[in-house]
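Here is the structure we will look at.
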Amino acid sequence: MKFGILVNEGPYNHQASDSAYMFAKAALAKGHEIYRVFFYYDGVNNANKLSEPPSDDRNVIKRWSELAKEHKLDLVVCVAAALRRGIKDELLAEGFRISGLGQLIESGIQCDRQVVFGD
Amino acid sequence: MLHTVNKSPFERNALDACLARAVKGSAILLYEDAVYAATKGASTAQRVGQAAKDHKVYVLGPDLLARGFNEGQVLDGITVVDYDGFVDLVAELGTVNAWL
Amino acid sequence: MPGIDEPDYDSGVVKKFMYVNRKAPFGTIYALEVLEMVLISAAFEQDVHLAFVDDGVYQIKKGQDTKGIGMKSFLPTYRALEGYDIEKLYVEKESLEERGLTADDLVVPVEVIDRAAMAELIDSMDVVLSG
Amino acid sequence: MLHTVNKSPFERNALDACLARAVKGSAILLYEDAVYAATKGASTAQRVGQAAKDHKVYVLGPDLLARGFNEGQVLDGITVVDYDGFVDLVAELGTVNAWL
Amino acid sequence: MPGIDEPDYDSGVVKKFMYVNRKAPFGTIYALEVLEMVLISAAFEQDVHLAFVDDGVYQIKKGQDTKGIGMKSFLPTYRALEGYDIEKLYVEKESLEERGLTADDLVVPVEVIDRAAMAELIDSMDVVLSG
Amino acid sequence: MKFGILVNEGPYNHQASDSAYMFAKAALAKGHEIYRVFFYYDGVNNANKLSEPPSDDRNVIKRWSELAKEHKLDLVVCVAAALRRGIKDELLAEGFRISGLGQLIESGIQCDRQVVFGD
């Protein structure tokens, strides 16, 4: 089945991005397709490659990059939300791209399910 | 339809908001801080236990264990699932509605 | 409005999209950024529904004057929705009553429905997005 | 002590948390989304009106106006202040306790 | 623990600091980052108090096993507080009861006080910080 | 009187930073001293100079920088919280500096009042 995922909150401060990641991993392991992961609101902060969590903690940003690489995931950061919050191309971790909100709506149209993770 | 709730029933109105608008027979998944609503001793137990008669209520095991509760402490009528089960619920039940 | 991009394809698919507004404006950005989502989905010619429940009904309360908090008002955007053919605005009766409001307090024409009808409406949707 | 509350009484338990632990006679400032608690028609009015008898309750005018309410719609016994008044309350009342 | 820096002055001032924990762990980061504040204030030799009220009591619930959510547990840090001479931990009785918990469910020794006593304690503080 | 201010949430997503700014401005206008503004939790995102809000909106980051310049304010971003979230020296807007949490405690000790703005 084709899933779209929406992440509404930034890394660490809320569990949303963690839950979305665990969900995505489980869905992929079960053979589902993740059509797109869209990052909106403070969720755009998940793309900030400068993030350096303590060494004994998970690295939320890197985990997304690695999952994207392994499964050719499309990680899309909303341009308007990102501009407001200072997330620009030079900050993007591997696997993320910046694009318009239309990419979320298109995901909603194309996917069998749209799953939202937020605060 | 699968309704999801991820906030503590003590802190926010998300669970009440969901229960007030989930049609009878629809499914509700409690995860993240909402797992407290699934525990036996909490003052929310009667309300949630009642909801479990009108709805299929699920709770996410990994979030429950992280917060120091085990399956034996979950209210009767609520089913514990893991992330695989979360995925299955989404696949089987159609539109997902997150009560944020 | 930044971020509006015309759909680059015509899928032919029309889904029932619903935006559930449950949060008050200004204290958090959700009301404003949900509205930006709403405008885009209109550009994709989807069947767009807006639901205002709980504190979400405060979003469209008349008479907002934001000068004193240094933020911009976005009431005009709600008023502009009609121009984008977004006309399915539903407000829950019980949510209004709990807050001592009536449909006359709102800046846009809406359909006021009760909680049971709201539940049925939500249940009939294909995609539900919230902030 | 000055207690501050900035969340809607419908969405979160912050106001109730504050009212349960603010000693009699202490001051409470409602601002941001908490200003709804100060409005006359809301179902919270009786509870907050009662609280205004045990405490000195203030509401931040700029946040009230932003949300479409005016001073005439504020519950009796609650005083409207602006940011200057907020500063004065902090200066006069000692320790500030934000119920986040 | 990153960010711990020794005070570079001795003000001679000792204030009553209170950290009010009202939020559950893991769903948000507040519990963890409040704890980092607590450790620092001990280094400044202040009179540190921790209050656990409402969902805050869940922070110190025994038996937390975070493997399944991919996050680290920080229960050991609460256990280490004593080593920093932070021993004034207060838990509200009513908050425990509402959640079906008792002091036996908690990983650290605490003083359980009722709501009225908690109110008086909070009222006696010089600086109150929360997450 | 000497005030310390703590900002717990990032710009735009929550009103906390706006309220803190309005409070600081009013306090300064009344002749009070702002000893320090400390940014913790997601509050560290208030220092990101890449932020570009729509032209008809307020610029939360720039406003802090300008107030700091005008009144020689000390804007301190918590290093541990900032590292986690990817806020590093190269992103700091004018007037902000990164330092340890001790700066917050010291503010609590030195100030007559500590005022917290959050979610």
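For reference, chains read A, B, C, D, E and F in written order, and residue numbers begin at 1 within each chain.
Heads up, the rule we're going with is that a contact is a pair of C-beta atoms (placed from the backbone, for glycine too) under 8 Å apart; a residue touches a chain by one contact, two chains touch by 3 or more.
Quick caveat, the model's predicted, so the values are computed rather than measured.
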Work out which chains are contact partners of both chain B and chain F.
-> A, C, D, E
Path length in the contact graph (chain A to chain D, fewest steps) | 2
Pair of chains joined by more contacts [C-beta pairs], C-D or A-B = C-D
Comparing which residue numbers chain A and chain F contribute to their contact, where sharing over half means same and under half means different, the two sides are same
Approximate Å spacing (C-alpha centroids) for the pair chain E, chain F = 24
If you average the Cα atoms of chain B and of chain D to get two centres, how far apart are those centres in Å?
-> 33
For chain B paired with chain C, centre-to-centre distance based on mean C-alpha positions, whole Å = 26
Touching two or more other chains - residue numbers and ranges from chain C | 1-2, 22, 26-29, 54, 69, 71, 127-128, 130-131
Enumerate the residues of chain D that touch no fewer than two other chains.
-> 6-7, 10-11, 13, 32-33, 62, 82, 95-96, 98, 100
Listed in rising order, chain F residues that touch 2 or more other chains are 8, 12-13, 15, 19, 22, 41, 54, 57, 80, 83, 114, 116, 118-119
All pairs of touching chains, each written as two labels joined by a dash | A-B, A-C, A-E, A-F, B-C, B-D, B-E, C-D, C-F, D-E, D-F, E-F
Provide the residue numbers of chain F that touch chain D in the complex, in ascending order.
-> 1, 3, 8, 15-16, 19, 22-23, 25-27, 29-30, 32, 112-119
Inside the complex, what are the residues of chain B that reach chain E?
-> 6-8, 10-11, 32-33, 36, 39-43, 45, 61-63, 65-70, 82
Show which residues of chain F lie in contact with chain C when the two form their complex.
-> 12-15, 18-19, 21-22, 54, 56-58, 119
Chain D residues touching chain E - in the complex, by the definition given at the top = 1, 13, 17, 20-23, 26, 95-100
Complex contacts: residues of chain F adjacent to chain E = 6, 8, 40-41, 78-81, 83, 99-102, 104-106, 108-110, 114, 116, 118
